[in-house]
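Across the two complexes that follow, subunit A remains constant while its partner is subunit B and subsequently subunit C.
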Partner chain A sequence: DSDGGSEELVLTPAQLIRSLEQAWLNEKFAPELLESKPEIIECVVEQLDHMEANLKRAKTGDLKVSVHRMEIERIRYVLSSYLRCRLVKIEKFFPHVLEKEKSQAEGEPSILSPEEFAFAKEYMANTETYLKNVALKHMPPNLQKVALLKSVPKPNLDSFVFLRVLERQENILVEPETDEQREYTIDLEEGSQHLIRYKTIAPLVASGAVQLI
Partner chain B sequence: MEPAEAEFLAEKELVTIVPNFSLDRIHLGDLGPFNPGLPVEVPVWLAINLKQRQKCRLIPPEWMDVEKLAEIRDQERKEDTFTPMPSPYYMELTKLLLNYASDNIPKADEIRTLVKDTWDTRMAKLRLSADSFVRQQEAHAKLDNLTLMEINTIGTFLTQALDHMYKLRTNLQPGESAQSQDF
Partner chain C sequence: SEAKSGRTDLIFLIRFRHCCLLRNQRCIVAYLYDRLLRIRALRWEYGSILPNTIQFHMSAEEVEWFNRYKKSLATYMRSVGGEEGLDLTQDIKPPKSLYIEVRCLRDYGEFEIEDGTTVLLKKNSQHFLPRWKCEQLIRQGVLEHILS
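Moving on, here comes the complex of A and B:
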């Protein structure tokens, strides 16, 4: 039923929802803030609006209405959870997130959506004002600055994550945990599941080759 | 991930129902069409809802059968490694279907016990593996036959424990890059 207007990604509604769920799970389990996915968000919101509009037109009490309503609620839940997860990370790592966004080269994807960027900047400004008014302005003059980039903890990219392989990968380096161990490489077979450090496989998450679980 | 979220994902699995109403095809999920008496596959979330409204009868999945499950349980007890499960969501589906549609499932109580026994065996193995993983400071593990719910149950604890170990270890080495944040 819905074809939306100008979709650059030609995804069926089912594929779109699948992409949203993948983005949601990846964001949930990744220690750092992942790339923003504006195409997916826009299409999902459009899809939801379309479904809501359809519902308004349908006769009430129709079974179809309640089924569609349930579907809408399920999609909305995933979308909200995804966006909220991102906001939590933005608040937690705000100076680093802003720094990373600033240093993204031209043509590289954004980490933050325009709205998230505005939110992060405002959050930073508010934090600075708060710290100044509550504590810093009462400090001796040479101690009135706080280097947020240094004091706010960075995301721990060495965290372990669970993943499922979507596209076969060869020769992934596994770094040793202790000095006595040596590094070795593994192949990731499609459909297999693994526990490994995030840092090594971060690019695979970004490319969609693996799914965090 | 909350168990409820794992269940949310499990609810997308398809299950067969026999509706007692008719309705033409519903878009988005490509659901239906529904005709009274004719079996049709729908996602579990819809099946449960329809069942609660007494609009259908549920047909248990092929693996939800006493003999099959007994075999699986015995296999699991025999092997040291994890056996592949009939469904990546066997635990959630058993709970959901037995909760809402036990009248459509023959020998529901036995099934519940068999699944629980299998789960317990697997969780015991998982605790052992996790313990050995941490002790031997492994850097990688392959967990093909584990289901999401099992990974989820131990996941947060295990990854946090590994993170702590890592932090303790790297702080032992002096002169490491100034990553320590001791605020």
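Moving on, here comes the complex of A and C:
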């Protein structure tokens, strides 16, 4: 009973934790910032609070309490690691992340949660103000701006990732790496594992058809 | 304005000078930005209060950047995870065991654990404490995790 406001089907705690782990692994191995998953986070937090409350009420029947505590620690670690991973990417690619969020069409899922968006904007403003006050305002008039979108490196979408196929995919178009090669198509069988360029399968990660490992 | 006066022989000189200036700007910004990244890492490593030796190496504007960053981070962490927020600077490593053996590296004083009991952390004393309570102190160098 962890549906906490989601409009989809109710997940069991086990399913919820698996969703969290999947989101965590995808985020860890993807070179760019993935869609935000506010429903999962909200439900996991609720779950953790629930478990903590149960623990407080339990008698010190040692073994069960220890096991549950351990479980809480593990889940909290995964959640923290997931959110930290996102923060690192937000800070690393801050102008691109903000730009992408702005240009998302209506109805398309957000890359940033509202809180992450606020954090990203503050980070950018903070850094811009700092650079301006320390260096840029002392420079000749035509050099007083730095185009952050050009100077800060973009995520490398051509980096290779390992993945496991969850849903069979057909006719995935693979673009050539060199001029001599030609593009070709491959089929992804369910359960198979591949090493492939992230750009090729990015939409499949978003849809949940593949899992990065 | 020199270009407008039609002295084409100066155009190359102007362009060259402009390229030099742009390069200098890039170098300066890269240097400053790299320092910011290191300062950012300090928040995650040391916590929100930096040791004096490090603060001594920071410019006033860098200290201000750091203060704004940690405030922004605190706001974000409070917004996640229920009433008290979620301290993302904890739980850096996957938990292996509930309790760990630690040795105190320097006098710290009283330290309260879960059920209200306090422990006196004196230099060289050893304790068996809940792992999640010790993380911060281990990173600050007050406690040392003893691996048997």
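Basically, the second predicted complex is superposed on the first by the 203 of 213 C-alpha atoms of A that agree within 3 Å, B and C clash if a C-alpha of one lies under 4 Å from a C-alpha of the other, contacts with A are read in each partner's own complex, and residues count from 1 in each chain.
As a working rule, a residue touches a chain if its C-beta (ideal position, glycine included) is under 8 Å from a C-beta of that chain, and two chains touch if they have at least 3 such contacts.
Please read all numbers here as calculations on a predicted model, not as lab measurements.
In the superposition on chain A, A:M70 makes contact with both subunit B and subunit C.
In the superposition on chain A, A:L55 makes contact with neither subunit B nor subunit C. In the overlay built on the shared chain, the residue A:L11 is in contact with neither subunit B nor subunit C. In the superposition on chain A, A:S151 makes contact with both subunit B and subunit C. Judged by the touch definition given at the top, the superposed model places A:E177 against subunit B, while subunit C stays out of reach.
In the superposition on chain A, A:A202 makes contact with neither subunit B nor subunit C. Contact with subunit B, but none with subunit C, is seen for A:Q193 once the two complexes are overlaid on the shared chain.
For the contact definition in use here, the residues of subunit A common to its subunit B contact set and its subunit C contact set are 66, 70, 74, 77, 81, 151.
In the complex of the two chains, the subunit C residues touching subunit A come out as 21-22, 25-26, 28-29, 32-33, 36, 40, 59, 61-62, 64-65, 68-69, 72-73, 75-76, 79-82, 86, 88, 90-95, 98, 131-132. Looking at the complex, you find that subunit B touches subunit A at residues 1, 5, 8-9, 21, 23, 26-31, 45-46, 49, 55, 133, 137-144, 146, 148, 151, 155, 158-159, 162-163, 166, 169, 179, 181, 183. Taken together, the subunit A residues at the contact with subunit B in this complex read 1-2, 13-14, 21, 28-29, 51, 63-64, 66-68, 70-71, 74, 77, 81, 151, 153-154, 156, 158-162, 174-178, 181, 186, 191-197, 213. Interface residues of subunit A, counted against subunit C in their complex, comprise 41, 45-46, 48-49, 66, 69-70, 73-74, 76-77, 79-81, 83-84, 87, 91, 115-116, 118-119, 122-123, 126-127, 130-131, 133-136, 139-140, 143, 146, 151.
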